[in-house]
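In order of appearance the chains are A, B and C, and numbering begins at 1 in each one.
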Amino acid sequence: MADQLLDIRNLKIEATLRPPGEKPHDVTIVEDINLSLPRGRVLGLIGESGAGKSTIGLSPAGYGRGGVRITGGEINVNGRNILELGASSMRALRGKEVCYVAQSAAAAFNPAHRIMDQVIEATLWHGLASRKQAEKRAVELFRKLGLPDPEHFGERYPHQVSGGQLQRAMTAMALCSEPDLIIFDEPTTALDVTTQMDVLAAIKEAIRDTGVSALYITHDLAVVAQVADEIMVLRHGKMVEHGETRQIIENPQQEYTQRLVSVRSIDHTAKSPGEPILTVNGITARYGKAGIGKPVLDDVSVAITPGQTLAVVGESGSGKSTLARVITGLLPPEKGNIQFDGRTLKAALKQRKKEDLRQLQMIYQMADVAMNPRHTVGTIIGRPLEFYFGLRGRKQRARVIELLEQIELGPEFHERYPAELSGGQKQRICIARALAADPKLIICDEVTSALDPLVADGILKLLLRLQEEHRVAYLFITHDLATVKAIADSIAVMYQGQVVRYGTRDEVLAPPFDDYTDLLLSSVPQMRVGWLEEAFSQRRMEAQGN
Amino acid sequence: MLRHMPVTAMIGLLLTVLFLFCAVFAPWIAPYSMAEVVGNPWEPRSAEALLGTDNIGRDLLSRLIYGARTTITIAALATILAFSLGSVLGILAAVLGGWADQLMSRGVDLLMSIPTLIFALLILSVMPSTIAVLVVVMGVLDSTRVYRLARAVAVDLNVQDFVEAARLRGEGRTWIIFREILPNALAPLIAELGLRFIFAVLFLSSLSFLGLGVQPPDADWGSLVRENRQGIVFGVPAALIPAAAIAALAISVNLVADWILKQKTDLKGGRSG
Amino acid sequence: MNSLIARLIAQRLALGISLLFAVSMLIFAGTQILPGDVAQSILGQGATPEALANIRRELGLDQPAWQRYLSWLGGILQGDLGTALSNNRDIAESLGRRVNNTLFLAFWTAVVAVPLAILLGLVAVRYQNRWPDRLISGSTLTAISLPEFFIGYLLIYFFAVQLNWFPSVASVHDRMNLGERLHAIALPAATLTLVILAHMMRMTRAAILNVMQSAYIETAELKGLRSLLIIWRHAFPNAVSPVVNVVMINLAFLVVGVVVVEVIFVYPGMGQYLIDHVSKRDIPVVQAVCLIFAAVYIGLNMIADLVSILSNPRLRHPK
């Protein structure tokens, strides 16, 4: 028993729901979970939203968020069942034996205190070291985690450092008290892909050097494959499959796991460009006054062929969403113009003709705020039909149902409200709304990034099919290179307001690369064991070669 | 919807309806007229005067019932004025933006930088306290609160993606205000309606208590407190009765408004709304 | 203090002062531009033409409005509030002692109400959704519906008339010592406390709950810290600004509540003075007192703004 650091038996977790106007009732959110973790091992907990992975992950700290209670089974940490501990013994466990790294370090750090004070707080509170020793250890951890100026990093306040740095500082905070177990709760999800790789590598190295055990919670199988020794796949609060990382990735037994592993393996043959439907010519744009500061878009030119997809890829701050705002007329540019279907579009939305607006539709990232919660699906899809084509009454209804069929939803959805739909269904309704206008071009702004991988896959397949059937062109804005490979015919890579690489999909994704595209491509986690090490040794070799 | 109503909200609704009934049917249910002297000053409760008599011997119950009419009418009119003015201008400011928004918002800031009661007293020092003046003064001053709320809610909604989607479709201002923004702004505004009414009742009562609100021979509940306040020192609780009536009305409406406010989340989606 | 904060504070002060000027204009305009002849409305329909002419001259109605405004404002800036129409006495002189009395009442109310409200707010947070919280929430719902005079007369009826513990009329004069004064204002101060307590408690509860729901509180809990330490070290520094804001908003309520309470208890303060002169239509007095009330109100709101600037770590430690 002694070498089992963590041993969970028949875990059952319930929560009390309090819907307004109804009696509060209990629901089971986690059931029948058994796992044991020897010292020095890392277990990945993976699942889609609602799988209960965070709830299970937090249970070794005896902690449940908002009305969540552990109602059955046992959780043994270092050989004792923590569910039988009193309040003060529980406090002695937290921050000393079990530490936690949150998804958003920016929110998890107190804005009122210096980073150092927060990093060493648990160590001092539990009397594990003197302030001097703790600070020395923290500085060592800062150095190990690759933070800049480790000697003085701790003197800064949380808002003075970047998100990636805070995430590393939070890892230092968890490691500082030399705990036995660290819970990592999606620590890299909120980060840009290039930052994610660095943080991931830092976390992995720190785990290896200190010999700490870890629970690593994430929805991204490719990420967890890099850090975990074993993986547990969860769905609806129950275990689907549990095994060594290599086995789960290379030889999944359950059908659900197989789908998770093969996600994003959509492929389509890229078409070669032809006479463009939309040309963006030398657009320079900025928010605020003209001529002041750095422009958000700097001399951007791209073109889209009818019935094809141009993917615009970039990290946050690259200006990719601003490009969409310029094309739709929400943000008139300072310089440059936009040709659409052989004519020059007016810069401002208000001056554009109804016909221009109809032919250029948009789909948003967050489907639930892109639809009026007070309108039924029938109104949401029916309104463009009425507005552009004057379709009313029975004719409108028939057309709405036809459109619902195209997005693979039944006619019963006609009367529903957005609140009654799942995330994937909402996004489908938004696609139908865009389609109702019978457009020539649809701008898709991160349309799959808020969705679980399997749902996102469904949406991508739907978009590809609709493109075949309607010959509609897509301007596909995304930060996710895997999506780009699946759907694009041409690609524009954006970095700090400029297009740094542009061409057909096969040109852009084939070497020789420019530095940024290389960094971007090599940062996307691949679904195989050992990718992280290879990518890093590759980078080191390149650096030496230069 | 009524089946899920908690007891407190039920009591609130019942009392509110009772007060409204008194206000509407005052001449039929009051035992005496407003001005009729039925006994000596400050007589205790009796079969003739169920709540006793007032400072000059009029029936307190009758005056209370007629007072309900005055109080509720003026407060309701002021609330309606405050509401229509505040919510229309607030939503308009949010949708128009630019200088129109700036002008209105800074004007409201200015009005709100003087406490409402003080500002009302200032106006009433030069204007006569007629019912029309009271309604306009209370309504305009209170519309600043409604304006702030309506504008905040509308500004929030105006930047939502679904409103942007409507703009990109080419929808006009009328559709955006009435079909996209208003249905979503209604729930918080309706909850606010109850609170504004309570405020109007308390505000009018305070003005009348200070002798600057409803003027004799008319009398609202605040005036009744003022007329009978001397009695307190002699141990006659006549002034406490209209004061308690004001409190009861305000609490009842508050209980109902509180219940509606809690329903708000329910109204947000789904068909139950 | 860094230059960013200094600049923000300077901006806020400038804004407060310009707001005060705008308010003085509004107060002046409010008594001038209204329909009807002011002189006529002061003296009533039966006034003789000579009396009307007299009062017009006294009010300076023969001069253009902006000139009258400037001379009024100029006087105020030098501490001259003008002369009362009703008794020809200097307003500043008559106001002096009354301002002191009002501040005395407001101060002792605040001394009782503010700590009590914050304490009860904390209790409500500590026992969230349990009976102490429900009791507090329920009683606040009731308390914000009660008019000041209901509370006031209720207290008089029981504590002054029935029990005879305190005087029903809160008269103070120069020969009283502090103890006697406090005894005299016990009931008005209790009334005011009850009026603002509920609101302040409810808002304090909301402000602290908002902070307690932050992710950094969860981090602290997962460090195994004791709950008092979490509140003191992690919640308190972030709750200062919202709580100060709550206190200031409620002190502003207090300023208004004072007017009615002074009338209930016949307390010789500024509110009583204002009400007397509104009924007498003594416009110079009304203008002066309104301006003082507005200045206090604006000042309190400005303090709340300044505290929130000074306690914001993002501003205190810029990048």
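As a convention for this text, contacts are C-beta pairs under 8 Å (C-beta built on N, C-alpha and C of every residue); 3 or more make two chains touch, one makes a residue touch a chain.
Just so we're on the same page, UniProt names per chain: A = ABC transporter ATP-binding protein; B, C = ABC transporter permease.
Predicted model only: the values in this text are computed from it and were never measured.
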Identity of the chain that, by mean CA position, is farthest from subunit B: A
Pair sharing more residue contacts (C-beta pairs) when A-B is set against B-C: B-C
Distance between chain centroids, defined by C-alpha means - subunit A, subunit B (Å): 49
Mean-CA-position distance for subunit C and subunit B (Å): 22
For subunit A, residues contacting two or more additional chains: none
Interface residues, subunit B side, partner subunit C - complex: 109-111, 113-119, 121-128, 198, 202, 205-206, 209-212, 222, 225, 229, 232-235, 237, 239-240, 243-244, 246-247, 250-251, 253-255, 258
Residue ranges of subunit C in contact with subunit A within the complex: 214-216, 218-226, 229, 233-234, 237-238, 313-314, 317, 319
Subunit A residues within the subunit C interface of the complex: 61, 63, 65, 90-96, 99-100, 102, 104, 107-113, 118, 121-122, 125-126, 156-157, 159-160
Subunit B contact footprint on subunit A (complex, rising order): 19-22, 328-330, 349, 352, 354, 357-358, 361-362, 364, 366, 369-375, 383-384, 387, 417-420, 433, 437
Touching residues (chain side subunit C, partner subunit B) in the complex: 19, 22-23, 26-27, 30-31, 34, 36, 38, 41, 141-142, 144-150, 153-154, 156-157, 160-162, 168, 252, 255-256, 259-260, 263-264, 274-275, 277-279, 281-283, 286-287, 290, 293-294, 297-298, 301
